[in-house]
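These are the structures, in structure tokens.
Two complexes follow with chain A in common, the first pairing it with chain B and the second with chain C.
Entry: the complex of A and B
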């Protein structure tokens, strides 16, 4: 029974990991920007939701606030920080440090406004229902899995069937060629940031109602996103998706053997194993070298 | 007031050792580690254990700390050999997170969350050093020795090899340089010297716990290197001094919320990192843009 329980919890966690990580993977894969502040996007979305919902303004305005906050942050960061850096140099390290700095600022600002402790949003949906004897599942688990399926399905449609989506994939392959075709790489990059940031929103909202939030959660989000991106294979959106699910399941099923404080160690062990044995990842084409 | 100033000198010297050793792998070998506080912590715990269970002489505590950190650093060198900067950041982030869990759980060695209490003061050739003013001599001498060592390394053929790898790994390899070996050695040296800072820290404060060795500490040290100037000699020292003085500077200004000093400090250096990368990627000391 415990195993089934943990598998369902793992699926829920994994679905949210997949969403978050795909956002990062999409941005990194298409623009080559090491967007470490992706964790900060998550924090902003989650706390905007928490703040507006806590003020009693209702569910829809709260979701809208989270979405707007995340997209505005992602797109503005691209415009105001990444674009100027890329204009004069744009090495991996410079972008990473700038992004990292922004993440620190966001984490502390949120901490000053909302406090540094754990907070959760209480909804009637968080309460678990006994599915079969001994297995308790909250409706939020199904919402998480459904949301992930819808968002990732929409993303696949967007990437394969729309012009903007195809341009995004083209940017990942060859930015010069994109320019030759008269498309503006900066515009496409902005789209990547908007889409990548939107993907975080459902994960952030559902997390705020399930496991809860603190301002430092951005680091955990980044560890998961990086791990899933690497384990899945750089530049492979489907790979990242799979890896996110795998990490969530592994983390949850590990509770059969170890205590809960070791779950991040499980993520690390999987990441480490992949870096050493298979740096190209599950579905990656190029090697990490 | 005097004790206050010497206390700052000690903390700056200890963090400067960390910044100098991190700069060695970041600035010269291009290995961007978010796990430097792990070696700082391991050094501190090891030397605390030796001081309590064997003898508090620095001739024992410091070498023991260095050896422990050097051994663990091989674990970090492993992924560094396999992947480039981007992916190594992830591996080191993972190691840092894992280390914090181990530091808080391994109660017999680290005292868990509560930490290690009553660490004997440093014993230098039979003399116990516990006054901040006296300890300042020890910490500054240690900093000078570490800097001299790193400086000698950077200007040796080993240092030229490192810079060659930083500029182009494949070019260095095609000239017959053993890239994995050079990288491993640089990681081991950096970790072992960071452990010196840990040993000093443990005997200076006589109390340590996991709070000092979290990801925040790693980030702080990285910020020192970057703000000062990656790949420069003076940069890490300038960065360390600046960031360690920041809390005192903040408390100087009465209008700032004093309960939020930690957060304000982080906001200032976070903002500093971002703005420097946009306008002056070489840091305060660095003149030209560094890759």
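Entry: the complex of A and C
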């Protein structure tokens, strides 16, 4: 029974990891910007939801606030921080340091406004019910899995069937050629930040109502996103999605054999194993530079 | 006859370092003008400046007499110019169908005309039909170049800029690729500016040639004159 319980919990965690990691992978894959502040996007979405919901403004306004906060943060960060650095031919590392710095600032600002302690949003959906004898599952677990399926399905449709989605894939392949086609790489990059940031929102909201939040949660989110991007194969959205699920399941099922403080180590054991054995990741293309 | 594309004393470069200076070129209607020069002569820089990918530091570019310096590639494309870039002008992860769709979307081809445009290009380059649904990464160099040319033609340009389309292709394949373009030029009055290092093959289809060296024009004339110029032919 414990294995089933952990598998379901792992599936829920993995689904949320997949959403967050795919957002990062989409941004990194198409713009080559190491958006470390993606974790801060998660924090902003989660705390905006927590703040508005806590103020009693209802579920839909809370979701809208989380979505708007996340998208505005992602797009403005690209426009006001990354774009100027790139315009002055700043290096990959310069962009990374700027992103890291913004992440720290956001963490501290959120801490100042909402406090540094642990907070949760209590909803009737948070309470677990006994699904089969000895296995307790909260309705939010199914909502997490359903949300992930819907969002990632919609993302695949967007990337394969719309011109904007194709342009995002084109930008990932060759930014210079994008200009030759007559497209504007900066506009496409802004779309990547908007879409990548939106994907974080359901994960942030569900996390706020399940495991809870603190302002430093962004670092964990970022590390998982990075690990899933590498394990899935850099540039592969489908690979990152699978890797997110795999990491969530592995973290949870690891509790069968190790203590809970070691679960994060499991993520990194998997990451190192992939780096050594299969550096191209689950679905990435092997490349030589 | 007035030029469809001309540059007047154009200078351009990277990071303040000039690559081309004082370039005066005029492409006439339905003309194939071949731009010849070694690596670093500034041929690609000139093409990029003409297509709005680089801003000229001095001088101006005119399309049908209208100054276009500072306009975006999309705006220039909407004036009837298309560019086949150096290397393989395709996105490896996109299928040929997607590359064509994106190309038409980017240059503002009306939705109602898109299917007809694709049919028109497939009529000119029928081999593409065989691999329409394959990702470009799975195509040979010649097939990728064909797709790149096909994508450029989808906007039904009046002026086609081609940057070294022969790179990596056998001379026979290059000629096979250019033959339908030559037909199009004769049938529909397409003007072509062809940048090439493969001088002998390029001159076979050119009406006129310009030789560039170290960012400047050093010779201009007909292909026969150039073929007779032993000194230049030895160099190129």
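Convention: the second predicted complex is superposed on the first by the 284 of 289 C-alpha atoms of A that agree within 3 Å, B and C clash if a C-alpha of one lies under 4 Å from a C-alpha of the other, contacts with A are read in each partner's own complex, and residues count from 1 in each chain.
Here is the rule we go by: contacts are C-beta pairs under 8 Å (C-beta built on N, C-alpha and C of every residue); 3 or more make two chains touch, one makes a residue touch a chain.
It should be emphasised that the depicted structure is a prediction, and the values quoted were computed from it without experimental measurement.
I'd like to know which partner A:75 touches here: chain B for first, chain C for second, both or neither.
In the superposition, A:75 touches no partner, neither chain B nor chain C.
Specify the partner with more touching residues on chain A, choosing between chain B and chain C.
B
For A:7, decide between first (touching chain B), second (touching chain C), both and neither.
neither
Going by the contact rule set out at the top, does A:261 touch chain B (first), chain C (second), both, or neither?
The answer is first: A:261 touches chain B but not chain C.
Kindly classify A:166 by the partners it touches after superposition: chain B alone (first), chain C alone (second), both, or neither?
second
Could you look at A:184 and tell me whether it touches chain B, chain C, both or neither (first, second, both, neither)?
In the superposition, A:184 contacts chain C only.
Touch check for A:108: first (chain B), second (chain C), both, or neither?
Touch status of A:108: first partner only.
Name, in rising order, each residue of chain C that touches chain A in their complex.
51, 53, 72-74, 77, 83, 85, 89-94, 98, 101-103, 105-107, 151
For chain A, which residues are in contact with chain B within the complex?
Checking each residue of chain A against chain B gives 34, 81, 84-85, 88-89, 91-105, 107-109, 111-112, 219-220, 222-223, 226-227, 230, 261-262, 264-265, 267-268, 271-272, 275-276, 279, 288-289.
Applying the document's contact rule, which stretches of chain A touch chain C when the two form their complex?
Contacts found on chain A: 163, 166-167, 169-170, 172-174, 176-177, 179-184.
Which of the residues in chain B end up touching chain A in this complex?
30, 32, 78-79, 82-87, 89-91, 93-95, 97-98, 101, 104-105, 215, 219, 222-223, 226, 230, 257, 260, 263-264, 266-267, 269-278, 281, 289, 291
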